[in-house]
Amino acid sequence: MKTAVNATMLKKTVRLALAEDLGAGDVTTHRLFPRAVKAKGVIVAKQAAVIAGLPVARAVFLAVDPKVRIAFRVRDGARVQAGAIVATLAGDGRSILTGERVALNFLQHLSGVATLTRRFVDAVHGTRAMILDTRKTIPGLRVLDKYAVRLGGGRNHRMSLSDGILIKDNHLALAGNLATAMRAARRGAWRPVEVEAATLDDVRAALAAGAEKILLDNMPVARIKEAVLVIGKRARTEVSGGVHLHNVREIAAAGVDAISIGALTHSAPAVDLSLDLTPSGP
Amino acid sequence: MKTAVNATMLKKTVRLALAEDLGAGDVTTHRLFPRAVKAKGVIVAKQAAVIAGLPVARAVFLAVDPKVRIAFRVRDGARVQAGAIVATLAGDGRSILTGERVALNFLQHLSGVATLTRRFVDAVHGTRAMILDTRKTIPGLRVLDKYAVRLGGGRNHRMSLSDGILIKDNHLALAGNLATAMRAARRGAWRPVEVEAATLDDVRAALAAGAEKILLDNMPVARIKEAVLVIGKRARTEVSGGVHLHNVREIAAAGVDAISIGALTHSAPAVDLSLDLTPSGP
Amino acid sequence: MKTAVNATMLKKTVRLALAEDLGAGDVTTHRLFPRAVKAKGVIVAKQAAVIAGLPVARAVFLAVDPKVRIAFRVRDGARVQAGAIVATLAGDGRSILTGERVALNFLQHLSGVATLTRRFVDAVHGTRAMILDTRKTIPGLRVLDKYAVRLGGGRNHRMSLSDGILIKDNHLALAGNLATAMRAARRGAWRPVEVEAATLDDVRAALAAGAEKILLDNMPVARIKEAVLVIGKRARTEVSGGVHLHNVREIAAAGVDAISIGALTHSAPAVDLSLDLTPSGP
Amino acid sequence: MKTAVNATMLKKTVRLALAEDLGAGDVTTHRLFPRAVKAKGVIVAKQAAVIAGLPVARAVFLAVDPKVRIAFRVRDGARVQAGAIVATLAGDGRSILTGERVALNFLQHLSGVATLTRRFVDAVHGTRAMILDTRKTIPGLRVLDKYAVRLGGGRNHRMSLSDGILIKDNHLALAGNLATAMRAARRGAWRPVEVEAATLDDVRAALAAGAEKILLDNMPVARIKEAVLVIGKRARTEVSGGVHLHNVREIAAAGVDAISIGALTHSAPAVDLSLDLTPSGP
Amino acid sequence: MKTAVNATMLKKTVRLALAEDLGAGDVTTHRLFPRAVKAKGVIVAKQAAVIAGLPVARAVFLAVDPKVRIAFRVRDGARVQAGAIVATLAGDGRSILTGERVALNFLQHLSGVATLTRRFVDAVHGTRAMILDTRKTIPGLRVLDKYAVRLGGGRNHRMSLSDGILIKDNHLALAGNLATAMRAARRGAWRPVEVEAATLDDVRAALAAGAEKILLDNMPVARIKEAVLVIGKRARTEVSGGVHLHNVREIAAAGVDAISIGALTHSAPAVDLSLDLTPSGP
Amino acid sequence: MKTAVNATMLKKTVRLALAEDLGAGDVTTHRLFPRAVKAKGVIVAKQAAVIAGLPVARAVFLAVDPKVRIAFRVRDGARVQAGAIVATLAGDGRSILTGERVALNFLQHLSGVATLTRRFVDAVHGTRAMILDTRKTIPGLRVLDKYAVRLGGGRNHRMSLSDGILIKDNHLALAGNLATAMRAARRGAWRPVEVEAATLDDVRAALAAGAEKILLDNMPVARIKEAVLVIGKRARTEVSGGVHLHNVREIAAAGVDAISIGALTHSAPAVDLSLDLTPSGP
């Protein structure tokens, strides 16, 4: 994960999550175990899933206690069946108890994102369309959510608002005019400009104004097909809005370059995982 | 929201979310609008929902630009129908564009939590059971997730590990013995102690050891009913595990005091909301 | 200390304390010692005391230089006599010099809290009363101050305002009416509610309203005794206000469950400790 | 206080203190008062004191709620009698309740420091000695503790280790030799160098090495008098160690320039203050 | 500056700069002026320059004291002559004195960057080449340095490593092979890929591998011209290395799209500015 | 560097710099190298320089990946010739690529400061004048800039505004009167007071008021010589303003104690350094 995710940012995210879960300290564990108690643990998937977030879970346990050992039984991004052991733990049982919930909270959410992404990616297998995420991520988890999307086989759209120009409906509502907006956007721009289009007229205007990418927003599939024909090789095409598992393949088959889906990150159900501890001798 | 949520913590959460979405700055808006552009906006619910997070959305826009005005059309926690306007905005359109996504990301997630909670609370209406959340929240959003649960009519279980003693299966696995664990937990304790039980024997042992609350974990409904009879008024009862909308009423009818549900916060689908902007004259 | 105190929080507290003491860097040490100078050190108690904060002192030195070795000669919470060596240090003398003051500042304050607490705990030995702290802690040191209280044999009252319901005089002044306040507090509450009482009428009203704990505030001992009789087993009892070493035993003997004392954390005199360095060979 | 204390630092200190006291939010106030409740409050000194920290208390309430109004009845640093009203408050009673404890915690500690300092300053009135603080401050409160010392009529010694060169016993233990240490310290130094001395021989060596200030550490008064004669006008003199209210005047009368006292900041008992609230009409 | 620069980030940068300059507080101002002293000030350019950073200077003064008024006499990015007044200030003189140095430090550095950029931009006026910055910025000032470049008429290259794919010499040294590297980079990429080339063979290989942008690194002008011919319209071209004011026009005239220059941000001399205060009556 | 620079502060500065350069993560490296790739690297000076910042560069690489090994070939502060290898690196090539730019950004800037300082220090060699820096540092880099000045042979003036009293022209403009200002500054001051003087009359007034240091600001050399004669041994002397490499020796020869130069830190051109990577076998 070293280069995939900014390590400084990861540490900070983990620290915040621990701070809110530990509060002033883990009173139950502290009361029950005045002294260290050697323990072993396993993290088990309770359902089939794409596992995501193992290095985050490790970072959680190490933040609690650098002496906890955690070994991954599968690589981050692996598909596993229900019952699979995804990681094993060893060390002071108190430290494992204290980090358990936060580690699982990251794992269950990120695995949820990766698992849902994988279902969409599989659904478009064999077409030329890539599955993209959006900026509709859980506040505070942008980078990790997008990492989980990649593990599920998806690709990342913009990381942030400073990360490329995308002229959307609200920009056009205020700018009044696509042509003017495009001129402002492209003057001296070192990167491609993308424009949102809701109709074929929008698409033609975007092409005329020199858009390098066109976002076909909330179009029925029939119109998407027409738009793809109109655009040809003059711009790259992205579809968003109204995309579900039941229609994503049809959309992909229309020949678009990319399909972006907010639900990957904002509505992925958590994957069920558990941590089981046992004492491990003197 | 002033006393409901620590304001300092809220500001920090909002700043982090803005930081990750703005990156170095909003290049699209900056390119298109070199000067201020007066605008009005509405935030619209695209589906029926319990709205949660309006003060968070306000905090987002004010962090971007203290001059943006935002008025709530409904109170936080209100039930709305599809199409309802939940808030109106006015100010420099650039600031609204820059804050839009982050504000909506909070609203869509928190409204999702409140909406799902409300469905469970409605399902047990008329019984004595309260719906509780868990510590299975999105990392970094503990306090806001639990605030949304309250808006949906649920009640909060522990905020953090320092917030009450709850002896779970993994604690018992390491402690070896419930009686010993309870003695350690209750010595000089100024608060009630809760113990997890999976069988009726566990329940009896917990009572014998003086547990003031008993968590009936992953029990079938029939066993829950028996446990309630065994316990009587000697302890308060909480059910967790295997709770769904289709069986929650039956569980509640068994006479338990509380039902805790991780899905309220870890698997609530986002509520669909949009922000629509229009220019508002010179 | 691993589970007793949130490690993330501890690191942050230590970093802040070092930041304010180091300023831009330790000019004296830097000028005098351009190169590493091997040294040994001892931390000595200059008076009889309960020692508290050894793991904090270790965290200070490790934050300055991870290669400093520190060994505890007594466990945290031990009673020592004047002259006792509580810890030994070895490593680059420059690092020890740079961390010395901050480490001692923590130790002298926390040992002060533990030592004073122990005097109160000893004074009530044999009674059923436990000694509790309050929220009257040094700003920024809440968690450590309460940890020191535990080391001195005391127990912790609320860690924060989110940590239990306690209705005090100012709440009642605004609510107007104890019965209304209690109804609001108890509706759907998963935890016991505590109410402050200044008179026996207050006590009776609290019982009538269903208070599970009653705080007898600033009452003379005679009235405390009456209150205990009135309350019986219907609620747990806590005394606060006007508690001193000379009268704490008499109060305890009245049969209350707990006595809370602000002075434990806001007025404990520092324990005198020193660090003595010697060079240690080539 | 604007220039006396770094405002950025003050805000951060206040935020930390609020964060630890609010936890996830003030549940009692939130439960009791779903809506705003107009209130007035007074902060009252329960004992004679030098009041310190009013601007900090204001910063606390404003951090909770920018609409709370707080008016100071006395200036920061004023001497007041028992019963004096030091400030009045008005606004939403919920905000005042939520900020109450943190505001008082700052006031009671800082007023304690100022009050004790004033006693020492008064004790040496008419002599040429100034009362100095030390770096023995409460971790995290260095700047505020030293501000309180100034309000009590004391002067500040070093703020941090980067703030002037002071060669102490442990430096000399490692350097081996005062002359060498002084040469290293003074080479190209743009500021005066101070050296600790325990004996008259140390004093003479310090003078010979060119010390501009000499710290007479833990000397009996008779030796202090001799040291003052030996030094004359060749260096400024500071006394530390073994200074109490009963002997500080005698030490001052020996003719030293300054007397530094750790107890001012590490052992000042809190001043007793209370906040009383009343509702203030519709 | 609202949308140009992330406001949250700006505040943090300003706070850090004030923290390091104020230390514990401004002792000189505090000693000299126990009470507020009304003052007016002007910020004057002591040399011809492009002014950059006025909103940062405002943020500095407002962080010290929200009541200081600052009015800009020129817009950020304006060219001014020596002697020009760029801003006026009014308020408590103590607050202006305390913020003076930090405000000027930002202004002198950022104006230096803008002024140097403008010289390069003017030098290529009339050609099709845009002047780009690099990631060779002052640590901590990335966003502001790049903002100043825009004010000087330059354009921004990547803000960060997550902001576009650029394969440089060190990547190729490890990857072994440009073709393999390009395949890995382009698989499912939603953005253009840029490759560094040192020779014409490199250029041809980059084209063959499908590079959308080619960075001509440290090439003599003659080779740049050849490269432009070889590339034609198949990729966009950027020159870096060995670019100076004396040769930048010749390079631009070779027909490249962009010229990136590290010196804009790492070696721009500060612009000389001063702040002059006068008292302003009762 | 352990005691020279506050390690806590250093880590924070490094983290900020990495955060802004990594953004969400290093996409190029991540795309190209899915697995670790063993590499060796050298950091080479491309021009003669005084090298400063090696421990900062190490901190950067270790923050990216604690397993990267970095060995210094020269000590921090060494003079090197063009072509000199200043450090070698080994480890996962991905980590080195990710940290490269930030490490070099620190090194090139700090070496620039040290190199320019050394030129001034050499220019005054043999005189009694020391070269001082100012508070005109790059915002956020105060401590490191001043560390680099020391490595170049210069000495540090005030670290911050809390670090000594210096009465400048703007203070006098508001105070009205040097004598009054000095009285306020010296009352009970434990440190020397410095005053800025622009004329010989100012110098005489400063002496009369008891100034221990006098700052001769923007004086021609002839006037500096006179001032030195007037002052004699009654105060230490510092020159600032209008100091360049061509006149610094003449100023020093006038007999002043110190010469302070803002350009050392605000206008030092970066030193050219590069990092060259090679794969290092299986």
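Every chain is named by a letter (A, B, C, D, E and F) in the order it is written, and numbering of its residues begins at 1.
Here is the rule we go by: a contact is a pair of C-beta atoms (placed from the backbone, for glycine too) under 8 Å apart; a residue touches a chain by one contact, two chains touch by 3 or more.
Everything quoted here is computed from the prediction, not taken from an experiment.
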For copies chain D and chain F, work out whether under half or over half of the interface numbers are shared, and give different or same accordingly. same
Looking at A-F, E-F or A-E, which pair matches C-D on over half of its contact pairs by residue number? E-F
Once you find the CA centre of chain A and the CA centre of chain D, what distance in Å lies between them? 50
Whole-Å distance, C-alpha centre of chain A to that of chain B, is 21
How many angstrom lie between the centres of chain B and chain D, each centre taken as the mean Cα position? 43
Among the residues of chain D, which ones contact at least 2 other chains? 6, 22-26, 29, 33, 97-98, 142-143, 159-160, 162-164, 189
Across the complex, what residues on chain E touch chain D? 15, 18-19, 22-26, 29-30, 33, 63-65, 92, 94-95, 97-98
Mind listing the chain C positions that touch chain A in their complex? 2-9, 142-143, 146-147, 159-160, 163
Mind listing the chain C positions that touch chain D in their complex? 13, 16-17, 20-29, 31-34, 37, 39, 93, 97-98, 100-102, 104-106, 108-109, 112, 135-143, 159-167, 170-171, 173-176, 181, 184-185, 187, 189, 262-263, 266-267, 269-270, 275-279
Chain F to chain D touching residues, read off their complex: 6, 130, 132, 155-157, 159, 162-164, 188-192, 236, 258
